[in-house]
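The following blocks contain the structures, represented as structure tokens.
Both complexes shown next keep chain A, but they swap its partner, so chain B is in the first and chain C is in the second.
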Partner chain A sequence: MKMRRLRTPAATVLASLACFIVAAGRLSAAPGAQVVEIKGEIIDTWCYLSGVMGGPDAVVGSAHHTCALWCAAGGIPVGVKAEDGTVYMVLKVKGEDPLAQTDTIMELQSDSIVAKGQHYVRDGVNYLVVADVISNEGITNRNHEDFGVVPGFAIPEKK
Partner chain B sequence: MTIKHILQLAAVASSVAVFAHGGVAEDFSNGSNASTFGLSGEQKATFSGKVVDILCELSGDCPENCGDGKRNLGIVRDADNALVMVSKNAQFEFNGGTDDLLPYCNKAVDVDGLLIGEDPGVKAKVYMLQLIRHKGETEWSKAERWGEAWKKRNPGADGEGPWYRRDRRVTKQIDKEGYLGLGLEIDKKWIAENQ
Partner chain C sequence: MVRAPYSSGPGMVCAAAVLACSFVAAGAHNGVTHKSADEAARHLKEQENTPGFPNIKGGDFRLIDQSGSGRSSKDPQNRFQLLFFGYAKCKAICSVALPRMAEVADRLEAEGVMVTPLLITVDPERDTAAALAEAVPKYHPRMIGLTGSEKALDEAYRAFQIERKVVFVDPEQGAVYAHGSYIYLLGPDGTFKTLFPPILGPERIAELVHRYIGGKS
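Right after this comes the complex of A and B.
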């Protein structure tokens, strides 16, 4: 079973170095933070980390999109799963708090993006304040073709 | 950026990584009455700490009343000063923990619940909050405030079925891009072939 990661030591250092190097520089680092660009998928962190709905490959992408919307609307932290597997907990998006009752996070859910922002690490958990989404390819992980929808009741049955 | 700058930044990154990963996760299960669910890396955990706005704790960006329900909240644990992110409350319909923590903003609390996550070296796994009380009180409150809070945030959303079938922000996205998020035509075709 693929390991769900909040971080790994080597990955964090390498990702941090890579991010330093690619940082465009216009965004100044806040105290205690580093400016980074993260390429990854917006995910529902609870289902991904807890395994409550199944394995990590099934609780992302199009298969899990509806549940990811439910969890975001329910106030469960949204994250960015980077290409190296590191999960960044999103604390703000484009100046909006994550639980503001707006559509910003909802519209990004399950999308493959490149986000630029401030990266904090504390007690092994990675946090990200997204200043800007500099590219968005939409949902590229079409894993419903492999897993169907997760959970199975995501699409209501016809009456 | 010069080589010197890159090396300096590398040194900072290394020191952050050592600090972040040097801690050994303690066992907080003694005295816990949390319900278990067999989740990944699940550990019962009861501990005392202070409820905080996570972004405030990390950055000093501190709105009144811990963001008044708009931010992710956590608990700075007394025993080891670890910042524990609360991801979930005790309800079973995709509910986060902020509504249950907000009345305790910047207050000392006792909590009971589950630490979740598979990385053994992570000092602060994410937390499923099940019970909470002011520190030292005898009576616990179940972490189940989300449902009532959602009703207050969504006047007029009464109806049959669970909240997630009626939530305005959820239905708006599904109406626009479908259950798979790939567009209504792809949805329609997949549903016809599979359901």
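Right after this comes the complex of A and C.
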């Protein structure tokens, strides 16, 4: 599905079925950044983009939630996977100082959200500074029913 | 802070995942898959940086290196610097990011470009200068390990927007820290140039460092 971005602050928000990013005006002094709303799932960027823990359908959602929490706790950046497949690295959340490594991030992991924030492209990577999580449906991708826990050792056996 | 219930606890999941992922495909970025690395490189080159990227203060730290000497954010040999915040006993992201930085340094050196890999510890209790002297050469012979007083380290953490936090205490390995995982590129004078998420492969990071050294900002 094609993604569209609107560049002007006064642009009307289009609720186009084809659009998952819509303009909502500029947030603050951030020259060049586009204010966007992105609908998607919070993901573990490491396991998703590398693919070594499984296919893209398996390393998201409830199946990968445990591993994703540990990766995020270790500092691996989380991302928002928009419905068109584009991954946005979450650089910061709601004005918190640390770069993408906060309890807020942990609480959002694997959730289906709509986030509003500033979108930057740098060195070919999409970054998102999240100003607000407009809606959060929680974990809606219940793919553990198909894949179980991915990877299987994410929940260790008690010794 | 919580205590890990099992010695081979879930924290090791991350380590295993990270280690297993050290073979990230060069052509993968942002979820976009290209047919070849060349195609990926062309696509990336077409994208310009958005102005106004959130400013990282960076620079101006004054710490102690593994030999016990003072080291500021300015490179004494006037080289660009790759900086990571981590700790010697980390078996998770550090075990990928530090070898990745080392590989980038080697790739660039082979092309006649010298950069200095730096590690600033988030675990100063264990990462003394002596401990760093033992640990960092295992990653790269020119890697500089930095520690310092609590005040000096806090200033560095704030400058690069790093938060360190004990996630749990592994009965066998001790404290396991959460910390940032971006690799920062600093100029020879210590100024922040850019950052790289750890999902980027060494060849891509080396390419980007080349571009920044060549004057892209």
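The working rule: the second predicted complex is superposed on the first by the 125 of 159 C-alpha atoms of A that agree within 3 Å, B and C clash if a C-alpha of one lies under 4 Å from a C-alpha of the other, contacts with A are read in each partner's own complex, and residues count from 1 in each chain.
The criterion applied here is as follows: a contact is a pair of C-beta atoms (placed from the backbone, for glycine too) under 8 Å apart; a residue touches a chain by one contact, two chains touch by 3 or more.
The shown structure was predicted, so the numbers you read here are calculated from the model rather than taken from an experiment.
Of the two partner chains placed around the shared chain by superposition, chain B and chain C are both touched by A:A73. More residues of chain A lie in touch with B than with the remaining chain of the pair chain B and chain C.
Touch criterion met: A:E107 reaches chain B, while chain C stays clear of it.
In the superposed pair of complexes, A:K81 makes contact with chain C only, with no contact to chain B. Of the two partner chains placed by superposition, only chain B is touched by A:S62; chain C is not.
Once chain A of one complex is fitted onto chain A of the other, the partner contacts of A:P151 are limited to chain C, with no touch recorded for chain B. Once the two complexes are overlaid on the shared chain, A:M53 sits against chain C while remaining clear of chain B. After overlaying the two complexes on the shared chain, residue contacts for A:N141 are found with neither chain B nor chain C. Comparing the two complexes, residues 30-34, 45-46, 49-52, 66-67, 70-71, 73-77, 89, 91-92, 97-102, 120-125, 127, 129, 154-156, 158 of chain A contact chain B in one case and chain C in the other. Looking at the complex, you find that chain A touches chain C at residues 29-34, 45-53, 66-67, 70-71, 73-77, 81, 85-89, 91-92, 97-102, 119-127, 129, 151, 153-156, 158-159. By the touch criterion given at the top, residues 1, 6, 9-10, 13-14, 16-17, 20-21, 23, 37, 39-40, 42, 54-55, 57-60, 67, 69-72, 82-85, 87-88, 93-99, 116-119, 121-126, 128, 146, 153, 164-165, 167, 169-170, 172-174, 179-182, 190-191, 194-195 of chain B touch chain A in their complex. Against chain A, the residues of chain C that register as touching in their complex are 5-14, 16-18, 20-21, 23-25, 28-32, 43-45, 47-54, 92-93, 158, 161-163, 167, 178-182, 194-200, 208.
Here chain A touches chain B in the complex through residues 3-9, 12-13, 16-17, 20-21, 25, 30-34, 45-46, 49-52, 62-63, 65-67, 69-71, 73-77, 89, 91-92, 97-103, 106-107, 109-110, 118, 120-125, 127, 129, 138-139, 142, 144, 148-149, 154-158, going by the rule given at the top.
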